[in-house]
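Consider the two complexes below, in which subunit A is the common component and subunit B and subunit C are the respective partners.
On to the complex of A and B.
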């Protein structure tokens, strides 16, 4: 099977954020896939990946939770590829894969818990876990994407914000930093490549992977607000009109702290915050409602109308 | 040593443009920020350089046994990159813009490190993939 074919139909692991605060990302990912002729099969009876909370208390339990998702995709559904749009889920699937391939104590725990839960234990290498960016980049590619563009994003200046968990820690992403067209962990470019193919002008943005304090947004809001305000200011200083995101936690953090920064720090920024799937969907000619623009906190409707995208 | 609060104040002035700041000074503010982190962890800040920059050597020192501190690795490298841009092409038409971006990058490094000085676990259980508690 060619690499491109491998990504035409993948197991879809939305994760819990995409059923709540990140619903617009869920909606736009599905709509974009459909418009591009890609198929998603949602993982049956999926569970939490262990996110940050379980990992904090018991990392092996988190590995088990992520491995269960991969086991269902591989053993019950017969898939070779699991796609997770959320950076947290993606990171945890990759971490589980890494631990399952290296650590016998983790394998023992996963085997034991899988037996107790009554399903086949995941074996390292059964599936390839990918992000939504990999899905579009490798399953479609820029050339094919360009041919489907109906409303070019030409003239729209975008800062691409990848957040922290898409590239860190480097050792759990062995396919990155391999030269050629592979993704970079220090200067990721997949989102830049796809949005450029849709006509957008990517600005030189130095805080692409900078910490936004996301995990501490409740326990230490002050730090998160200051970090996000600086990211937003940097995007504007770089000339961006839009920050493109590819993670529901990053996205909602940027949206919430944009408001909070104005209220508590007096730092007003007007850069719009949109998922890359929303921007690509609009470029393909999808209606704003189809890609969940109305569900964003950051109101970009007037901006999109002005640019002929809505 | 310059107090952390003073470094923050100086960087805010650099970001809002209320006081002129050179690339040398911004790089120095980045180094001083990392010195605070290294000292808080009980080490003597290194005088060595890495790839020609003390900032990168300090970051490496600050990351020893602290994988989550790598969350500011790219920020440090961007600071160095902008320093090179500004100092190697001082007459370039974008020098003022590059210096402004350098100030924002230095400010981000400061916010991350000062945030960690208050909430040590900042970044510990997200991108570093390390649990807060010891491995079970």
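On to the complex of A and C.
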């Protein structure tokens, strides 16, 4: 199989958030795949990857949870690529791959738990885990994407926000920072590349990989609100009208703390918050409802109508 | 001054005379500022091993104090007292009383992984922060943080059903921390969602509140995970000497009770 074909039909791991607060991301990812002729096969009977919480109880347990998902994709479904749109899921699959390739204590725990749970234990290297950004970038590419744009994002100023989990820590992403067109962990550009191909004007946004405080969004809301307010204000200062997101935790964190920052800090911002899949979907000519615009808390409907995208 | 000696320049450790003359030279006021001499004797020699025995703390011994973690830290930018490098130094030195001064902020690590990203020795400072927060709570130095309660509510749901449902986690968290669900910004958010009347969204949320999302045939995995968690808890208790601590506290309570009784006679 050629490199490109490999990404055209992948195992799809939506994860818990995409069935709940991040449903707009799920809807827009599926719609985007359909519009671009990419096939998604949802991982059978998947489980939670452990998110940002289980590792604090025990990192090996988190690796077990993530490894079960990869094991099903590889051993039961025969896939070689698993795609996760959620940064948390993606990060955990990568982390699990890393630990399963070198940490014998973790491998022992995963083998033991998998045996007791009655499924094959995952072995390092069985699948390649990718993000939705890799999926579009490698499965379609900018040139082919450009040809399918029916509703250019021209004139829309976008701040691309990647968050923490997509690039850090660098050692769990061995394919990044390899020069050429590979992704960068310090200045990621895949989302910029795709949105530019759809006509958007990417602003120079210094907080691409800043933290939104998502892990403590409820347990330490003061901190999260201050971190989000920084991100929103920096985006506006850079001239952005829209922040494009690629993670359900970041996305709902930005939406929720945009409201909270106004209430508790008196910081009012009006920058719109949209998943990059929603922006790409609209550019491909999909209806706002098809990409779940109505499911966002941040209300961008008037803005999109004004710009001829809805 | 190296960050790890900052305890020396705290106001209570500084001596300054308003009027002082030394060898005919007037050194009144700040000219006579001295750091009080002291000898640190209250080391806790077990602290590093105990924290290293908790999940995430395993690699603390690799630290060479370069300070990259603190330099990169998200929380440090908001609060300069949040200082991973300093805490790692204190733990390795066994300076427990110094560490305890910051016991109420260590749990605030947001797991952004900036420290782990830049650490040249693979100490995994983020993991060390979690292990230290855990240690402080297990040793009874502070009550469980909201962050720890959230992690527990979340993880229990994953262990139970294989999946989580946002609403259930949020309700469980607010209930266990005794907070009202009707905070004004939350009400505002719900209003925003409802105002757009996305019927499918409301229906889906209603459905998942009624039917818990769960992984099928999860039973054997649940049992295996519970068994593993119990084993780990036992191992951690042993590493931290918690059983001895509890036995000691019980013995002290008994002898205090006996004394009280004999004084009554």
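The working rule: the second predicted complex is superposed on the first by the 310 of 310 C-alpha atoms of A that agree within 3 Å, B and C clash if a C-alpha of one lies under 4 Å from a C-alpha of the other, contacts with A are read in each partner's own complex, and residues count from 1 in each chain.
Note that in this section a residue touches a chain if its C-beta (ideal position, glycine included) is under 8 Å from a C-beta of that chain, and two chains touch if they have at least 3 such contacts.
These numbers come from a predicted model, not from an experiment.
Engineer: Put the two structures on top of each other at subunit A: do subunit B and subunit C fit, or clash?
Structural biologist: On the shared subunit A, the partners clash.
Engineer: Touching A:278, do we find subunit B (first), subunit C (second), both, or neither?
Structural biologist: Neither partner.
Engineer: Between subunit B (first) and subunit C (second), which, if any, makes contact with A:237: first, second, both or neither?
Structural biologist: The first partner, subunit B, only.
Engineer: For A:260, is the partner it touches subunit B (first), subunit C (second), both, or none of the two (neither)?
Structural biologist: A:260 sits against subunit C, while subunit B stays out of touch.
Engineer: So, A:58: does it touch subunit B (first), subunit C (second), both, or neither?
Structural biologist: both
Engineer: Return first, second, both or neither, reflecting whether A:28 touches subunit B, subunit C, both chains, or no partner chain.
Structural biologist: Once the two structures are laid over each other on A, A:28 reaches no partner at all.
Engineer: Looking at subunit A, does subunit C or subunit B touch more of its residues?
Structural biologist: Counting residues of subunit A touched by each partner, the higher count goes to C.
Engineer: First (subunit B), second (subunit C), both or neither: which does A:206 touch?
Structural biologist: Touch partner of A:206: subunit B, not subunit C.
Engineer: Who does A:160 touch here: subunit B (first), subunit C (second), both, or neither?
Structural biologist: Neither subunit B nor subunit C is touched by A:160.
Engineer: So in the superposed three-chain picture, is A:17 touching just subunit B, just subunit C, both, or none of them (first/second/both/neither)?
Structural biologist: Once the two structures are laid over each other on A, A:17 reaches subunit C alone.
Engineer: Could you point to the stretch of subunit C, among 60-68, 168-176 or 204-212, that collides with subunit B in the superposition?
Structural biologist: 60-68
Engineer: If you lay the two complexes on top of each other, which residues of subunit A touch subunit B in one and subunit C in the other?
Structural biologist: 52, 55-60, 164-165, 167-169, 210-211, 213-216, 219-220, 223, 226-227
Engineer: Quick one: in the complex, what on subunit A touches subunit C?
Structural biologist: So the residues of subunit A in touch with subunit C come to 16-17, 19-21, 23, 45-48, 50-61, 64-65, 68, 109, 112-113, 116-118, 164-165, 167-171, 185, 210-211, 213-216, 218-220, 223-224, 226-227, 255-256, 259-260, 263-264, 294-295, 297, 299.
Engineer: Under the stated contact criterion, what part of subunit C meets subunit A in this complex?
Structural biologist: 55-56, 74-75, 78, 108, 110-114, 116-117, 122, 127, 130, 134, 145-152, 154-155, 158, 162-167, 170, 173-174, 177, 184-185, 188-189, 192-193, 196, 198, 201, 204-205, 208, 213, 215-218, 220-221, 223-225, 227-229, 232
Engineer: Going by the contact rule set out above, which residues of subunit B touch subunit A in the complex?
Structural biologist: Residues in contact with subunit A: 15, 67, 70-75, 77-78, 81-82, 97, 100-101, 104-105, 107-108, 111-112, 115, 118-119, 121-123, 125-129, 131-133, 135-136.
Engineer: Quick one: which bits of subunit A touch subunit B in the complex? Just the residue numbers, please.
Structural biologist: 52, 55-60, 88, 91, 95, 164-165, 167-169, 172, 186-187, 204, 206-211, 213-216, 219-220, 223, 226-227, 230-231, 233-234, 237-238
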